[in-house]
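Going by the order they are written in, the chains are A, B, C and D; count residues from 1 in each one.
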Amino acid sequence: MALALPADPAVSPMDPPQDGGLDLVAAYKAMVLIRAYEERILQARTDREVIGPVHPYIGQEAVAVGVCAALQPRDHLVSHYRGHGHALARGVDLDALTAELFGRADGLCGGKAAALVSDPATHLLLSSGIVGAGIPVAAGAAMTSQVRRDGAVAVVFFGEGALGAGVVHETLTLAVAQRLPLILVCENNGYQGATRTEEVYPETSVARIAEGHRMPVHRVDGNDTLAVHAAAAASVAVARAGQGPAFIEASTYLTRFHLQFDRPSGERRPAEELDGWLARDPLDALRGHLLAAGTAPDLLDALHSEAERRVEAAVAFARTSPWPAPELALTNLWAGTP
Amino acid sequence: MNELAVLDLVLEQELDRNPDLVFLATSTPPSWRTRFGAERVRTCPISEPAMVGAALGAAMTGLRPVVDLNRASFAFLVMDQLVNHAARIHYLSDGSYRAPMVLTSATRGPQQLGPQNEQCPYGVFMQTPGVRVAVPGSATDACALLRTAVRDEQGPVLLFIAPGLADHCDLRAALAAEPQPFGVAHRVREGDAATVVAIGSAVHAATRAGDELAAEGVHVELLDPRTLVPLDLPALAASVLRTGRLVLVDDGPRSGAPAQILAALLDVPGVALALGGRIAHVSAPEVPVPSSPVLEAQYWATPERVTAAVRRLTAAA
Amino acid sequence: MNELAVLDLVLEQELDRNPDLVFLATSTPPSWRTRFGAERVRTCPISEPAMVGAALGAAMTGLRPVVDLNRASFAFLVMDQLVNHAARIHYLSDGSYRAPMVLTSATRGPQQLGPQNEQCPYGVFMQTPGVRVAVPGSATDACALLRTAVRDEQGPVLLFIAPGLADHCDLRAALAAEPQPFGVAHRVREGDAATVVAIGSAVHAATRAGDELAAEGVHVELLDPRTLVPLDLPALAASVLRTGRLVLVDDGPRSGAPAQILAALLDVPGVALALGGRIAHVSAPEVPVPSSPVLEAQYWATPERVTAAVRRLTAAA
Amino acid sequence: MALALPADPAVSPMDPPQDGGLDLVAAYKAMVLIRAYEERILQARTDREVIGPVHPYIGQEAVAVGVCAALQPRDHLVSHYRGHGHALARGVDLDALTAELFGRADGLCGGKAAALVSDPATHLLLSSGIVGAGIPVAAGAAMTSQVRRDGAVAVVFFGEGALGAGVVHETLTLAVAQRLPLILVCENNGYQGATRTEEVYPETSVARIAEGHRMPVHRVDGNDTLAVHAAAAASVAVARAGQGPAFIEASTYLTRFHLQFDRPSGERRPAEELDGWLARDPLDALRGHLLAAGTAPDLLDALHSEAERRVEAAVAFARTSPWPAPELALTNLWAGTP
């Protein structure tokens, strides 16, 4: 039987899976939205509508969606500069996110943050531009859950490059010693900007590091939404039960490139490597699953056009949002200031 | 655990008062762990950057973390978490998140800890927007400002404690001190001869200098800003406009807090003219703090240096 | 790899010139690795603190390391290694060891990198003794100062580069520039109406303002200090004593380098009296740098803001 | 046959072992000197002759001596606040070290450093007061050897507490990826100041961390001079051959305490734990070896009295050394300054 298209087309924090399982259509929908969004945002950057650097998430959608589907609204999230995917999978408001990327008044952060967004509505704490720096912040959110005994967990996304940064290792030590309900999600895409990971690490997998810290590790195919979700759901269950942190290493790949400013990126990956990964596109993989399970192709195609429509509407919203009043640059230095 | 022991008593009371208060340090009092539990009193690995990052995350989600950084020199270990993250999150999120957290550390005492661990780096935080900076000049003010800091909702606070405050500590008064608003200078003594602005451990020396000068009939106005961010610029400027003379006294280098205060004051209309160059500094040299007490001697703002500076200024005009 | 591409050409020449020169960065030019070998051109994990610590050890044992920190905001990641260690080792060892090493990073350009990655933190290093700080105002000076820095024997140098210097870069002149001694200000234009001290990316705006004012018959003296530590205080003070007016221009907050320069100047006998309060600032607000270009607009020292400041001062007296 | 007492009583960087073995009498002599020195320095601190904090090395002598005996003069060393033992094992001048601890003009660093000494004569780069911070500095010295191809290695001593600090993990990554000739010597004494290591780590051994970084690890009894030396010699040989770094974890114990200022420390360890370690005192152990090998007890006793005499002479030297001229506080900010 084909799964029904959810009535509400808004992306929202997914309901906790009833049976530990994943709503595959909802997941596909979210991934399609992210893909459409990223493509559009790159274009908008080239058109100089989006401000600042754009780090596209294209190719890694299964990780954000697989993980966020295992979360509840009360959980906390930390992202980084490559964060649109995480934000959308978490249900951050599409219009406000887009207006933020456009530097407008209706932006999620009033135009102050651009891509480095925070969103209390979805418990998205921050998206740091500094590699690894958000990881201890997520640990702090996990401390709060522990003190409050509220059963929430904290999840942090990062690239494998973050394992270069000392503060990440510090957090691993802290999280294990204090049994924090913290789930570390490493999106290992084999690159750290222009540097290939094997140039700077003895082995490209970083699971060995988490193991050294005696933290439970799940190594998964990061392009397999179900595998990611299963690892996340298992980790979340353990963490909620007060049994401490977990580390998920999801192998994946950026099929576009690391970064672009106002011109399309000139970055080129080895053709064979790229082709291999394109053949394993996470959207295609999940689509295959769905079709095999009997989902009607039309339904899935409709999700694509729906996503494009929604993205276009968000762009339109951002375009018509006013620029922030200049004097707002001086506000909110700390709470209680104007 | 603090160099100024009474602060631990205050913190214990505050832990008792507010169940959201948590304490992070590489060394914690066992009695606190028993009393408040390991979830609120966290003994941490030697990982100050992660501790401050975690404090930020805890603060953003509703706790009130206090991190004992131990030495002020360790502030340089946590600058990314503190300056790029904790101090920016309220601004970056356009006011959505707040990060009420407190970092305590010890500056300098005559402990011969050497170039690394004897430092007064508070001036650095006067040019990194988003943190507030308290540098109390007495144990009583230290207690009062700590209470304010841990009860405050506004954002990160750095509390820099001079170990020497313990020498002149009235324990009972210190413990009884009510929370004190930030940004209000303490007028230690009134006078017209000159304005002396002294910070932290230098307040005591400046007080003695003030007494000595008063005995000679020279009455200086002695102000202890107590917090450097926010700075009680109105009180400082009013005094300077009245006395026309300024002596800045600190046990740190003059490029630190004194330069910041001076530049801020000169921005107030009339101050530059009122001063007409009658500005003196009593501060540490612009080099690290050496270990040998003989070398370190010249790094202290002594009453003699303060009186000499005042005399120079009052003689000049 | 540098935001100002010509610096990479200079560095390549210097790598060729001195076999002790080594380069550490999270991203390195493949052609350099081929040409100079992986032992001299080190692609590093994202580990800026360890990179700076390693640079210190390499410098102490005879190499001349250059670390590309990429963004100036990452300086806050390496403060312990830089301030507590590299900047202190010569002093701590009483002159036995030296640590000639260079850290390069980009400050601010109109790149909308937001509150974390658009910063001008050089003022911080004017109050942390032991490092020298170069903030060139042109691509040519950037190249010249980089050459000096990598050939120098004295100790750690921070070279802060404004990406905007690329806009007005005469590539040939820049590459040909000879090493330039630190501590020598560049007199961009002569004049008596006021002293304008401009830093880094603000030098260009101040130059345009100077031209514009000159067309009206107001001739300012424009000085670019080029290095903030050491600072060419004699040149700055001489100018101010002559003009009696000071405008400090920077794309960072005034609490940063401007406050430091002002405090240092006021310490020179006669300067305070000569100025008599005729001091103006053109600088960024004391809050982080927002992403939206509309918000960021007021963070730039524009020619208009500079001319307005000069007019205000010259009208006043 | 009893090993002969070396003619020159000065402590000096030991000659490279000819046969890969250790000169046991020389080692014992060095350990005895360190022990006598530390006891005397604690007394001098109580007497307010020594300035600043004193972190005694008593109980860990086998590590410094076993490691330094495997080094050559050209090698580089990094120590920390608990560094007298390393300095003496390396052959730092006893008089100058003592004058430094007394804050005098003839001190190794002119009275500026107190315990945080540097000494170019013995390639002792620095003794950082900041836990873990010296470790990347040693890595930098190893880079120099690699560039110069001079066959030197760099050795850094640290406590297990340093594995809390991120910069140490960063250095492990860097050292492995760049195959640095770096030997990391962790003196695991079970305490990090007042904190017991099991309070903050999931397992007290930190070998697991080095393993996670794919760095060769030697775990040794840190009170067994021969075992320490064997591990160091093996590591040094590998590093000199250009085959990369190694991590030595030496289990040991401070039989006195962490730290004292001007009053004798009031720190108390669990009696049973302490007794267990006292029974395994590294000097006693080595003495046992020497006696079993037929060394005359008189010879060993002579080393003790000789050490005490030398230490007393150093104290006398320090006492008569003048205070530094006050204006020297302003010198040597950077090279070329006055």
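Keep this in mind: a residue touches a chain if its C-beta (ideal position, glycine included) is under 8 Å from a C-beta of that chain, and two chains touch if they have at least 3 such contacts.
The UniProt protein names, listed by chain, are A, D = Acetoin:2,6-dichlorophenolindophenol oxidoreductase subunit alpha; B, C = Pyruvate dehydrogenase E1 component subunit beta.
What you see is a predicted model, and the numbers here were worked out from it, not measured in a lab.
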Pair with more cross-chain C-beta pairs in contact, given C-D and B-D: C-D
Distance from subunit D to subunit C - Cα centre to Cα centre, in angstrom: 41
Whole-Å gap separating subunit A and subunit C, where each centre is the average of the chain's CA atoms: 37
Centre-to-centre distance between subunit D and subunit A (centres being mean Cα positions), rounded to whole Å: 47
Subunit D, residues touching no fewer than two other chains: 110-113, 116, 128, 130, 163-167, 170, 173, 177, 199-201, 333
Interface hub residues of subunit B, defined as touching at least two other chains: 44-45, 47, 49-50, 73-74, 77, 80, 84-85, 91-92, 114-116, 129-130, 286-288, 290
Graph class of chain-chain contacts, one of line, ring, star, complete, other: complete
In the complex with subunit A, residue positions of subunit C that touch it: 26-27, 43-47, 49-50, 73-74, 77, 111-117, 285-288, 290-299
In the complex, subunit A residues that touch subunit D: 163-170, 173, 176-177, 199-203, 208-214
Of subunit D, residues touching subunit B in the complex: 51-53, 103-104, 107, 110-116, 128-132, 161-166, 192-195, 199-201, 261, 323-324, 326, 328-330, 333
Touching residues on subunit B, where the partner in the complex is subunit A: 20, 22, 38-40, 42, 44-45, 47, 49-63, 65, 80-81, 84-85, 89-98, 100, 129-130, 132, 153-156
Touching residues on subunit B, where the partner in the complex is subunit C: 73-74, 76-77, 79-80, 83-85, 87-88, 91-92, 114-116, 121, 123-124, 126-130, 253-256, 258-260, 262-264, 266-267, 270-273, 275-279, 281, 286-288, 290
